[in-house]
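You will see chain A twice below: alongside chain B first, and alongside chain C after that.
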Partner chain A sequence: MKLTKTLLATTALTVAAGMVNADGHMSSELTIVSWGGAYSASQKGAYHDPYAEANGVTIINDDSSAEAVAKLRAMSEADNVTWDVVDVVAADAIRLCDEGLAMEIDADTMLADAPDGTKASEDFGDLLVSDCFIPQIVYSTTFGYRTDLVGDTAPTTVCAVFDTDAYPGKRALEKRPINNMEWALLCDGVAKGDVYDVLATQEGQDKALAKLDTIKDDVIWWSAGADTPQLLADGEVIMGSTYNGRLFAAIEEQKLPVAMLWDAQVFDLDGWIIPTGLSPERQARALDYIMFATDTQRLADQAQYISYGPARKSSAPLVGKHISLGIDMAPHMPTDPNNAKNTFLYNYEFWADYRDDIDAKFQAWLAK
Partner chain B sequence: MSDISADGLDANGLVLAADGTPLKRSLARAMRRQKLRALLLVAPLLIFVLLTFIVPIASMLFRSVENDIVSNTLPNTVQELGRWDASTSELPPEPVFEAMFFDMFIAAEAKRHTRLGTRLNYEQTGISSLFRQTGRKLDDIGKVTKKPLEAFDSAWKDGETWYAIFNAGDAPASKNLMKSQRGLLKRLTSDPASGDVNFSPRADVTKLLPKAAREYTAWAIFTAVQDEKDPATRDPWESVYTALILDLKTADLSGYTGPNEDLLKAAQAADLPVPAFSEAFADMDKDWATPVPWKTIQTHSGLYTSGYFLNAIDAQKTDDGVAWQPENKQILLKLFGRTLIMSLIITGSCIMLGYPIAWLLSNVSARNANLLLILVLLPFWTSLLVRTSAWKVMLQQNGVINEVLVWIGLVPDAERLILINNQFGTIVAMTHILLPFMILPMYSVMSTIPPVYLRAAKSMGATNWTAFWRVYFPQSIPGIGAGSILVFILSIGYYITPEIVGGTKGVFISNRIAYHISSSLNWGLAAALGTILLVVVLALYWAYDRIVGIDNVKLG
Partner chain C sequence: MAALTPISRKPLSFVLPTAAAAGGGFGLFLGTGNGSGLIGVLLGAAVIAAIAYGFIVVIKNEGLAKWISIVGFAFVGYIYSGVALAITAGLIGMFYHWLIYWLYEGRYRAKLLPYLTPGQVAWHYGFRCIAGVIFIFLITPILVIIPLSFNAQDFFTYTPGMLRLDPDAYSLKHYQDFFTNNEWQRSMKNSLIIAPFATIISVSLGTLAAVGLSQSHMPFKGTIMAILISPMIVPLIISATGMFFFYSDLGNFMENTLGMSKNFAGYIKVILAHAVLGIPFVIITVTATLVGFDQSLTRAAANMGAGPLTTFFRIQMPLILPGVISGGLFAFITSFDEVVVVLFVGSAGQKTLPWQMFTGLREQISPTILAVATILVVVSICLLTVVELLRRRSERLRGMSPA
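And then the complex of A and B:
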């Protein structure tokens, strides 16, 4: 711990001085694990390339985030952790922290302050949902619909998903209970503040499944984020849930006749963890990278590439235009006031407890 | 050599080799040497298979019964709970709460309590966050005793004070306590916990203040080994303060002489308050004031458990025996059944489609046969994912097949066929992918059947059908058998194709195994499901051997 702090202090100094880091205490290679595709590309542009250039470090990308938890556990059991920094969703970060597979981060000493001197812990605020988690982006799971297939009145609320009379046709939903159960309860008349209390009861779970039952025959269930944009493009579904960045790409980059239904979008977080069991040199390098990659400017830079909101409050005003399309990115952020009129925050604690139980019920219901 | 007769027999009539040893022994030796040489030749492969295949599988399967995490994390609690009768529906007695406090304290310091919480959450929803939150709040109980003691005499604020009391120095040390606490930490953290600690518990203090000595020793080892700090100068955990106050309630210090004896005696005389552990736990979370978490810990405290296997067949281990899961959670048996039935259907359709192709292959000229064989093998050269995704394009409602059917007017536009995201989609895509595994063994068997047999049968008046059914078909059965076993066993463990085209009703048990391996991290359950699948396959193989005979399987 002491060693880390000393190292951290020295690296902070060197970074502050803007010197090329030839420090023998840090490894010269960094293996970063992320989700691949456009998301990894955005990280490469905003963090990896500038960092590698400034520090002479070789950065190795590994697109394994989808299996990160299982793989990290296996690596830790084999006592051979080959990853230095891993990009995971917040729920996975909590589990990795619980399992002792991710190191604890002290936001104020290990992360950069905001330019105005605000401490990192305050700048990230409530988004620091786990002791091991360094938030990076806010993304949301929300619905997109085919403007040409939903008739004359475009849907405005999430309950349009459950209204097969007004909007006949197939819908795409994710093949897991998370988010679907919440939306079902919301559209079954449960108040937003009560959703998780209701969902914690057997009756509440039955109620949610009964609501989903009303559209079961009209649903195509997806398991990969790219499925919904594809299904929308093929006209297989008229609306479907997916991550907002995927829909942005479909609308702005591929120019599909698709529009966003931001109503009741579910906010979720994605960010970094550093695995436990790294050698001091590698850990120092990982911490140095994290300090750089999660500062205010870097997080704002990422939004030039992809429509996910920066996790720092201080980054929001710095969000600019898309790097190749040249359009303003702010209105496409899930956190933009126009989009965030009615939002829902993923309840990590609840799903950590109920995930297995409700998933078994959900899968049994699906198989019926 | 004198008793060897001319015909090479010894006095007992045994055949002898040229060097005079009995031929039987000589032969055995030669054979042994040959076997050894053969073994040496295959040794690299054998070791490779053993290390990369058998050992990992065995260790993975072992997880399906392994359960030492509970007793490693909460050793004293498990012991105390053993005396509690769960059927009375009363809360466990105070010593259980006390043991839980000390166990949990160390576990929380080692960050292992949340791991146990995850494990027990598989059995009882809600335990995960209960453990996580309790771990955070545990210090508060400790502070209840720490503050009054420090306020009573500020000497207790010094790490040196504690070290002087408990460290043996030149006095006799309690080796047993040291050993048992090292063992505890080793099991808890899976770290050897063997380094130098610069501390050994004083034997007489250990006798007088057993709980405090136990906790202090655990803390000292942990501080030295895990944190790599010197315990001599540092403040112990809050739990050590609590343990000391508890010990002082009953300890007889009258005959005690040692470092800081006055301090100890004064603290005893002050009669400082002990926390009521059961109330403190109830304050932390009301769930602790119900028997539920305690029953869960007690039920699942064994070193080995049948719990995962019971979960794998939709049952569960409860405090009063085995019970079925509630009906709305029963899914795994259904999936096992579905996996078997659909694998049979896929095998059947592979036979139906593959047989004529194999027949064609073995009955055309060699040049054409090669061309056809390339066509059969062509799909092998494309990625599995690409082939499966291609089926999506073909089968979906706006896909190629439906568009064609609508265009030629066979199907009205409003009633397009649902060909994907159901069992039909899985069967079609998997049949296509597994077909070569059926065709190849069939072809290699059929190409060995002499065509003269069919001609002979026909020349003796058999109809085409009789000649085929009575003469040709029986000879091709070994090929069907080999192909069926291959296809069936491959399809029973298939994962990616059902995931992509199976929708909700076309998924297999392997999709649940994948979920438990990579998402829920319930590796015990995944291992149990895998073991059951393995046993089912072996049983079917055995049944096949009994019914058809494994000699009847030929790959060529």
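And then the complex of A and C:
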């Protein structure tokens, strides 16, 4: 058994070495894991369909990104990785990379250069937050409110969420501390620059929870991105946080009486990883796909379907109109200057260090 | 049925409180929907009692009261929200008119035996009310999704347009999405591949096991039965975790040593896993049919020179067929509805309908799920009707009257 394994591994290595330039040695099937819904539809339109057509590859979608980390662990333990390319948020990519479940990517050799010759590492810039992570979009978690239910003065700051006198009614917040704690401190008078310093302390965490406590009775907690648009459609909440693309779909496609509250939106990244432990043919196919799907034009194309900002600097000028609605997409991007007057960037280091502690506290507070 | 008991008019002191109680029950629904259940109950009771008093004391004409009641309720409904509610309210008006005169004229007593005490009469109708309430409790969650699947919007919400019965608020687009969307069609196809094969395996193995277990000389019957039934009893998530590791190894063996394609091996894994889940249902239903099977028939067949195989297919099988088929239908539905095991054992190439619904529900609340659910409800009702008809047939064959 051991001998067979060694033999197989050696053969695999030899094959891998021999096929750097050989196009014929890529598998003809590609399993891509993503989030489902409108987001997967945007990837299908911008990446999957053109790639499948050009290369004669069958692409299978698996909407399992929500449990990607757990499933990849189990698959690697069972030595049976069935996924080729996985779409995850940056925080998950960092975890997978640390655990050796995602392969390292050298941006400059494995990803396409910008049309003007700029190297990929420079084009993506700061967004390459992990060695294994290939950024795809910038999205934001922000608030939407029912224009017909908030009274005469529409909210303009995130602190309206905490002001139940001016805006009575239920609000939808995500059932986790991330973002909520920051917003609570911000509205409790902590300066934006100090938020994470304060949140690192015991008193700071208590202070944030105390602020959340003032609206606890008025909060409906959500766990899937589709919940808030549904709650807004029902009129069950008057405002709620969710991903900006979901709100865009509710406002522009479903014509709900909802408006965006971009204030203090929190940027986060979403992108690809390639699992370790793939056969050489499958890995070659996955890399070929990634090279295609993250080039400048393709990232800009995705913005025709959904209002998430492309991760490459060179893609921004190419963002055009929505493919079926025909409206300009640029003003709906979270990165548009008008929307990005006051923003947060998800603080990966902070949350990597404090997540477990604050999670426990938050859950205990929720259960109280 | 002819009247069993002569009827007589009842005093107001009985009619008014009873009608008021019925009004209060309806008021509870409306009141809860509009903020306060208690106010709803009180208002409903007062309104119906007042109407009853008006009908009996002031109008005194049943035919006239009927039209006043229907038109009056419909008018209030129309003012409140339009044509749809007017029709519903008219029907409610008809019901309360019927109820009031039913109580007042003592008609409720007509078809009951004359010697029943008032307590027994009350229980007779009370029992039916309780049964009706339980029925509503069981069926409403299923019925409520059916109109929603025709929603023109992409949300699980009864829009104001839908409540007004506005044709523009309804559409078949979610059904269209189901029949044209690749992902849904692929998962439909997968379900239709996996469920029949899993059923065939479950039925063959389950029937064999049941026939074997029904033999009188079989040792350790109870233990073997318990082990075979265990997939039905062990929490699914635990079976699924175990199956994940077992079938991963099996899958690697099939792909690497036998050289099967990844997709084909995937189907085999899921089909086998679902067959395991279906076998207990077949064993239970077939064992139950075998209880009524007369073993002297097999001895008679053997006496006349038939081998065991001939005996099984010509004598035993036709008689236990209803049990086999209903077991097979249960196995089919188990595989068709199953989401946990396939999530663990299958890969995206084997995505079944319930899996697609599960991810769709979490990531995007799309009414396409409701359209699919409606289709599945209809299919399930058809399958269960078949099971029930078979059960009655088998009881008839055994000389029992259908219960």
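Rule of thumb we're sticking to: the second predicted complex is superposed on the first by the 346 of 368 C-alpha atoms of A that agree within 3 Å, B and C clash if a C-alpha of one lies under 4 Å from a C-alpha of the other, contacts with A are read in each partner's own complex, and residues count from 1 in each chain.
To be clear about the criterion, contacts are C-beta pairs under 8 Å (C-beta built on N, C-alpha and C of every residue); 3 or more make two chains touch, one makes a residue touch a chain.
Treat the numbers as computed from the prediction; the structure is a model and nothing was measured.
Chemist: Clash or fit: how do chain B and chain C relate after the overlay on chain A?
Modeler: On the superposed model, which is not a single observed complex, chain B and chain C clash.
Chemist: One more residue to check, A:L287. First (chain B), second (chain C), both or neither?
Modeler: neither
Chemist: After superposition on the shared chain, which partner residues are touched by A:A172: those of chain B (first), chain C (second), both, or neither?
Modeler: neither
Chemist: Determine, under the contact definition given at the top, whether A:G100 touches first (chain B), second (chain C), both, or neither.
Modeler: The answer is first: A:G100 touches chain B but not chain C.
Chemist: After lining up the shared chain so the two structures overlap, which partner does A:D353 touch, if you call chain B first and chain C second: first, second, both or neither?
Modeler: It touches chain B, and chain C stays clear.
Chemist: Classify the contacts of A:I60 with the two partner chains as first (chain B alone), second (chain C alone), both, or neither.
Modeler: Only chain C is touched by A:I60; chain B is not.
Chemist: Could you tell me if A:A38 is touching chain B, chain C, both of them or neither one (first, second, both, neither)?
Modeler: second
Chemist: Considering only touches as defined above, state whether A:D234 meets chain B (first), chain C (second), both or neither.
Modeler: both
Chemist: Determine, under the contact definition given at the top, whether A:M329 touches first (chain B), second (chain C), both, or neither.
Modeler: The answer is neither, since A:M329 touches no partner chain.
Chemist: For the combined three-chain arrangement, which segment of chain B clashes with chain C: 114-122, 186-194, 348-356 or 402-410?
Modeler: 402-410
Chemist: Touching chain B and also chain C: which chain A residues?
Modeler: 66, 234
Chemist: Which of the residues in chain A come into contact with chain B in the complex?
Modeler: Per the touch definition, chain A meets chain B at residues 1, 66-67, 69-70, 73, 95, 97-100, 170, 175, 206, 220-221, 223, 234-236, 349, 352-357, 359-361, 363-367.
Chemist: Touching residues of chain B toward chain A in the complex: what are they?
Modeler: 111-112, 114-115, 117-118, 121-122, 125-129, 132, 227, 325, 328-331, 334-335, 338, 396-399, 421, 499, 503-505, 507, 512, 515, 517-522
Chemist: Could you pull out which chain A residues touch chain C in their complex?
Modeler: 8, 29, 31, 33, 35-39, 60-64, 66, 74-75, 78-80, 82-83, 224-227, 229-230, 233-234, 253-254
Chemist: What does chain C use to touch chain A in their complex?
Modeler: 153-157, 183, 244-245, 248-249, 251-252, 256, 262-263, 266, 347-349, 351, 359-360, 362-366
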